[in-house]
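Read from first to last, the chains carry the letters A, B, C and D; within each, the first residue is number 1.
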């Protein structure tokens, strides 16, 4: 029953924050998210003790539209629990990070932020495909408003581009969802959108491939698979700090989660046939994202393209199928959330102080802002996949898992680590080292609040890097269940 | 006398209808466009009368009566509006009144 | 005409009486309050009488009063009620507002007759009553040249289209020999040749197509929507289209047998063209009323797609769509009406810049209606779009569905563009809009609440739509309609 | 007890890093020095204690294992963070902590007054900790963690003086080039894991020999990739261009990281995985050839360098080439012996050069030094001793014994051959030539600059100790011809198989004579070329300016890579920085916009256009209905 409460609470918190004053709205938002985390806590502790039979840690089933076979079916297993915790943590980081940055209409800002988070929580919980689609669309509008109202120079164009890309993908997915429901209806005479019942619907290969592609397109736009990624840099660059953190840290994960939860188990044969193409797309994403990140002069665009590169690993890991690769994808999702979220907060702090995001006007900031330098260095090292950070564990697991499936792609993906080094070090060099581009401007170091946020992100990454076992144990039962449906794809 | 076959009358009605339609397209003066619309309505009425007659039913003629009344109503409102157009836009030429567009 | 037969057609009588009372009221003493009151009360009474009709069917073949008709009549009456309320606010600052309410009542009467019509004569009469009263309604604000131009354009084109419709009816009658819509199906099955019926039906479709503003006949829409005063535009967009949709569904259901593949292909092209052209034309419109006009063309394209899906499921989808469309468009034009000052309607996009921060309540209603038009979840529009796609997937209209997805993706652009403009920073010197009259404020609130309520919990709407669909399906003779496989008559 | 000592070995420098990292700014320089040097010193003592413990025990009992925790456990991959101390690891640990401690002592004096002193010692401690992890790791993933940690600290320390953009670029170049090797090594690990199912080093050796026959595909692929990783880290061809630029870092950094320890990590890796490499003979041959070629190229390049540190950098590259040659011919313990001895004299060379640089206020150019014999006697004598050991002065220096052992193995062993032996001898000649040149240019001839700073006592201690070790170090491994006491290779026996080269003692004597002759003639040539007939224009005698240029630029590898890899990639990336794929969607949007404008033109506003459209529509629909 907690699940329903979490989503409702987040939305209510948002509404309350809207009505509250400028100062109150921040605390209300923070309080709600903290309360959610408290609610989710016990689930996390109950994790290993899920009784054998039951697959879901918590479940909520309510009737909604019986005529169309639509019901409110929320449930979480290990995988969605991890992502929910990530959502709440990054939500808190985002609220704290934009404490000072948002000055006008903070109430409405926090309402939109909480609405996005509620949408994301819903996506991770929904098991009814109609409800899933509803939450999938619901998180877009507040995000677009976040970008459009509190964004930077070309925010309107970026907001509309972001909205159109994802909505178009969503519409294609809606048609596939309905197609799936009707195929199931034709087969069993029962019209339902419930995920457990739809899994395992027998269907001819051509239809299965078509429907799977519909789902894949919807998710590939969100998890930016390369050709469909061009909305990401604009949206991230123009979004306010909290927007970028939520966008990079969470919205991209909904695509990956969708693939793991819906695309693979419902269409095992088609996914197996499609796996090589998807893995190649993932690898192209890794290399293409890295090369473009290396060539950017705008700091936020650079970090945005690194997301494309990191999520390429996730896509590679998901379709490499097998315990190691998919858990690597899950760890990579969490690590990317923390590292890129942290980097965006840092870049936001820099933009607040220097008024610019362009690397050419930065340099030599180490002397004036050593704390920012050290934390920036740590986050950059995490994003280049240095061992002892979470990203490394994620990437290594994905590569180890995907090697048996296709050695060539894995070799190319590993080679991309060098490109990752190039862009990460370039980022650190052009901001903190070298001569000062603008000696005049005085830069005061990170405030206690910002330092706390970044230290939290860095510590999270180090814990994930040195001892990822709790995360792996949580994800394992969920992925195991998905895999039994998806069949033993990876040769041992 | 032998009944006139339905097709002939329908052809006449169709011809009349086509005439009215062309009238609407060709004429520039709004008044004459109104007139040609009336012609179209009456052509349809004629078709109805013919259809009814061929089946020895009175429905066709009843329909024609209604067509007449409605046509009259339309024309009256049309002329009233025409006056307004003349006063407001200063002209009755259909092509001049194109402030709304795009 | 026995007493219960009279009761059977009581809504029409009430409407007629209300129109007379309003007219007489004007002759005695022109008072805006009285006319408005008469109109509103008349509509309310008509709505009440709609449910107190008793079971007896209306006399003669002219009128049919099944659940389908009741649902659509209720829709039409509520829409007119809303327009009346909006008009009372809008006309308060204008001179000689009283006649509008009379015309409004007559237009509503025409629409209801159209919905109830089971016979070609009543069809024609209902259509023309509605059209004629619309001519003068559109040109009501005589002072502005634009509304006069719009009304004359509408008049000529509407008259021509009804002539075409009439000629089509004549041909159909010539072939089938009956004017009663229900009997046309069996008559068609038994009829020897099809030489006259097919062109006849095609011509009838053109007449109806004009009223629904489907693509080849859509060109009048933007000019009339822009020219006409805002409440009248709302009337044109909702009542006129809704009634004609009801009629089209009834005709399509009855004449199912006549529609060979050819007609279906023609309809498919029209639907696809409407969806694409509607959205494409609205892409960079800076005039809100023209934008809403084009978007309503696209929406009627979606409705036509639903109709083409065929079977009772299709009728249910259409009914859901029309209801959602009514509520949304009324809300949208309600906001435009409320914001319009005496000197001209608030249709330029600049006037809506930063509206959210200047007039939060009104702006939020417009945002909600735009989102509903775009089909964003938690709004009625989403449930409607879902129902249409549901029907489309069920009947496998893949090409039309592809066009629907593409065009609604395009549509997202301009809806969001307006929303983003409204959320942008408010310009410094923005004209102070007139205060919102209390009645309009309550109406907008109700419309917004319904909009969200239908989006969140649409089950009652789906129930009503299913009763309408099944009632229509039940009455038609057991003929296999090409619009879908033989459907179970009793759900 | 042993495992706690082992844990302490790694924990001490790590603790030093954490303390200095967090509180480095607030501590006084003295405290920073004590913590920085102290932690490594204690680790050195700990290592010595372990050495004593090992010597007291019988050879087969000389192993200590300690598992920290299971890093992660998914499917069948469960790497453990576990440490393994065996004689090989202990020797490496001794070198890292021993030489490391001496260099830390030295850098207390060298870095006094530098801004960011705390940061320097923190990063040095991080390096020592990572190197110890690399050396002691029992799981290849844990080794990889140390491997990357070492790369990171080398990046941080090369770019220590971050204000100068040049240092930043050198640091980035070093990290990226080594990362290319690391990527190859990672793929090697995947091959191993897929083939053998485990990455436990001891386990890998056992399963490899069982699962794969000699020359088996996966074995060759895995060893080749591991060799690529080793070549990257140890600056061997083709990934050697980063080492000369790495001299941008402070001199103690060059001494510790780019001479004594990090660059030898590749040698340790191949020695550690010798069982795997033995399964791929042609990879071993490649190792030998690459080693020899790098030795010669680097040696020749060293002759033409102007900067004293770049000479030593190329010398290091050349000496490591010799170690790879030894590994290639299967002389595992000889390579490790040379590694140890090389650590002593190369560190000493850098430290004494550091004294000279400090004295001349950071002057690196040889041609602006000269005649410093009397000015800096300590620097002169220690540099001379280390130089002699590098050149392999017969009998007196440690370098002679270690280099001679390798040359003997290269000549006589089954995998070696006359060609490799000859290359080795010629390498020895070239080595003594450039050593002689440096000593003569720097310390003899007329004085050009005044030495302003005298080295303090703290600097002197490490120099003296290392000088002693450079001389005495060789006695640990006496060849059969000179007293036959191979105690070093005997000590390494359990970890590394003994050298296999059998051959008559007389042949060995002849070879030793040849190598001695080569080193002496090298010094003579240097004397003739650079003191007696010293050229005014600073060119190399006998060879034209063109050749000098080629040698100075290290055979033009930098320009080559820049031309065919770096520049094209930058140009492509910059050209596409606006993301060409975006054009697709921008184009789509433009197309839609175009159709919008076209359609808008149809809305002319004229009544008759609308009527015409309606009529045409009617005709079309009726046409379709009737005709189809």
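One rule holds for everything that comes next: contacts are C-beta pairs under 8 Å (C-beta built on N, C-alpha and C of every residue); 3 or more make two chains touch, one makes a residue touch a chain.
Not measured: the values here are computed from a predicted model.
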Common touching chains of chain B and chain A: C, D
Pair sharing more residue contacts (C-beta pairs) when B-C is set against A-C: B-C
For chain B paired with chain C, centre-to-centre distance based on mean C-alpha positions, whole Å: 26
Where chain A and chain C are represented by their mean Cα positions, the distance between them in whole Å: 43
Distance from chain D to chain C - Cα centre to Cα centre, in angstrom: 80
Separation of chain B from chain D, taking each centre as the mean of its C-alpha atoms, in whole Å: 97
Contacts with two or more other chains, residues of chain C listed in rising order: 152-153, 156, 160, 164, 222-223
Shared-contact residues (touching 2 or more other chains) in chain A: none
Multi-chain contact sites of chain D, meaning residues that touch two or more partners: 600, 603, 605, 607, 611
Pairwise chain contacts under the document criterion: A-C, A-D, B-C, B-D, C-D
Interfacial residue positions of chain D with respect to chain A in the complex: 25, 69-77, 141, 144-145, 148-149, 152, 155, 159, 162-163, 165, 168-169, 171-172, 175-176, 179-180, 182-183, 186-187, 190-191, 193-194, 569-570, 572-574, 576-577, 579, 581-582, 584-585
Footprint of chain C on chain A - complex, ascending: 64-68, 105, 130, 133-134, 137-138, 141, 144-145, 148-149, 156, 159-160, 163-164, 167-168, 171-172, 174-175, 178-179, 181-182
Partner chain D, residues of chain C touching it in the complex: 152-153, 156-157, 160-161, 164, 198-199, 201-203, 205-206, 209-210, 215-217, 219-220, 222-223, 260-263, 265-266, 269-270, 277, 280-281, 283-284, 410
Of all residues in chain B, those that touch chain C in their complex: 6, 10, 13-14, 17, 20-21, 24, 30, 33-34, 37, 40-41, 43-45, 47-48, 50-52, 54-55, 57, 59-60, 62-63, 66-67, 70, 73-74, 77-78, 80-82, 84-85, 88-89, 94, 97-102
For the chain A and chain D complex, residues of the former touching the latter: 161, 165, 226-227, 229-230, 233, 291-292, 294-297, 322-324, 327-328, 364, 366, 370, 381, 386-388, 392-393, 396-397, 399-401, 403-404, 407, 410-411, 414-415, 417-418, 421-422, 425-426, 429, 432-435, 466-469, 472, 476, 492
